[in-house]
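Note that chain A is present in both complexes that follow, paired respectively with chain B and with chain C.
On to the complex of A and B.
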């Protein structure tokens, strides 16, 4: 990934297996993109929690499959799109249902977010704008 | 013309207007009590990251009290949205101050502590939250090191370091949530004698799982056994309860843990 300061848009893609110890990658990627875009640490902290919540809201109790995330960084906003790809042998668990608590948490942490769980490909997105635009 | 049914939100709003008008401590208590469930839910969400669940509940509950005191019903924001923001803010602060159960390397811990001081100074100097680049410059660390320290400093449990059963770890295993079986378990007086017959440890595990909503990983840490072992004990206990219910003539409905083949939520299975 190139440095995003001074550039109009940067896009980063990440694909991870549904595994708790790998969600750190989703959080760190968000933090890195936001950090390089000059977001404040408070915003970055919110973004970390929000990205984790986004993943949880999609995965539910599934333990198979992959999460695909795309991070788009523009001038003063970062958008994270995430979709869940079911595993070949997934027979147990349920896909996340974007429960009330997840939505409330996302409300509290980001400026906009949405879920699309109706189709065969559960997806969700969020947008975090910089609280303290610099100079 | 028919009246719109009153919602819980309407009642809450009316109580807040009453609180603003009269500052009645009873109304305040009523509002706090009505929203303690949210504190528990959020505490559960951020449990299993190195801090005791009870401490998180306390922090979250205090944040609810603060939220009730600060909420302005004229602003057009739902109280739950406002309160969630406040509770998460307080939990983040708590993790920042106390979240060192994570086994981070010493250099990361030291940098994290330094970042705390520098962030405070820069906050005051700049009038805003400092950027990663500014923190890196002020501490002499690289931006990557700053990001690493901030990540570790949030008190997140790094499963890759301390999970012995990492292949069984799922995202959901980190969440203690409401379980669909909770109400039915609690409601079935029929189960009481069967629960009493379980070994004390199995009773404790059931209580922690369904009474307190802890995840299997949290229970494992509390009881001193592996998460897989907790999962097996829970499954065995629930099977015994199901048998008891069946033998005593009650028909477990499809949503009971005993009546279905589902495993407790936190196992992810």
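On to the complex of A and C.
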């Protein structure tokens, strides 16, 4: 993990192996970045779940490879970019009900999100704006 | 990773009650799925799921509960949930599942509804 502090932007990078018990690190990092930026409890909880769903939407049934996440925090918004680096085994992402539930959750909890599930480098991103902007 | 996750079960008025606590996510949902499958496989078509102690729940957990609900209803039973935590209720609301599951504020109320 690396952190770069600029005048108003904080960038945190996280790379984790795709293991069920390690996805928690993605949401813990989201909560830490948002808390450090002064986001409210409700926003932090929304972001925690949204980041979990972002990861799940890429990982699906895959149990190998790595997830790479970048958290960019500006004054009133946090953007999370996530991409999946394939492992040795050909596996597939989420389908059906689970994917639908993830998308519904993301729609409700963040201001913007998107996916690019192109072969080779499936990626997804989200943007969560502070409910009560500074200034 | 989530050391606070626990599942317990007991019966109330002959109705099985499965209680989960802690965070239910992609890592901890499988034990919940297994417990619910074991309960329905033992011939119980209605199971009360107590989520009062749950602090986090993602779409994997929802998928487990939806799967269990389908099995219960196919067997002529139901899967009432017990939830009071607003954060957890919110996940059901935004996914439209409050209209799918019967949701109660206490285990007693849920058991009474199906006993």
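In the analysis below, the second predicted complex is superposed on the first by the 115 of 135 C-alpha atoms of A that agree within 3 Å, B and C clash if a C-alpha of one lies under 4 Å from a C-alpha of the other, contacts with A are read in each partner's own complex, and residues count from 1 in each chain.
The working rule: a residue touches a chain if its C-beta (ideal position, glycine included) is under 8 Å from a C-beta of that chain, and two chains touch if they have at least 3 such contacts.
Since this is a predicted model, take the numbers as computed values, not measurements.
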item: When chain B and chain C are modelled together on chain A, clash or fit; value: clash
item: More chain A residues in contact - chain B or chain C; value: B
item: Chain B versus chain C as contact partner of A:32, first or second or both or neither; value: first
item: Contacts of A:48 with chain B and chain C, given as first, second, both or neither; value: both
item: Chain B versus chain C as contact partner of A:109, first or second or both or neither; value: both
item: First (chain B), second (chain C), both or neither touched by A:61; value: first
item: Superposition clash, chain B against chain C - the stretch among 205-213, 241-249 or 259-267 that is involved; value: 205-213
item: Footprint overlap on chain A, comparing chain B with chain C; value: 20-21, 23-24, 45, 48-49, 56, 59, 101, 104-105, 107-109
item: In the complex with chain B, residue positions of chain A that touch it; value: 18-21, 23-24, 27-28, 31-32, 35-36, 38-45, 48-49, 55-56, 59-63, 92-93, 99, 101, 104-105, 107-109, 131-132, 134
item: Contact footprint of chain A on chain C as seen in their complex; value: 1-2, 23, 25-27, 30, 56, 58-60, 62-63, 66, 87, 91, 94-96
item: Residues of chain A that touch chain C when the two form their complex; value: 20-25, 45, 48-49, 52-53, 56, 59, 97-98, 101-102, 104-105, 107-109
item: Chain A contact footprint on chain B (complex, rising order); value: 41-42, 45, 80-81, 84-85, 88, 92, 119, 128-133, 135, 143-144, 146-147, 150-151, 154, 156, 158-160, 163, 166, 169-175, 177, 265, 268-269
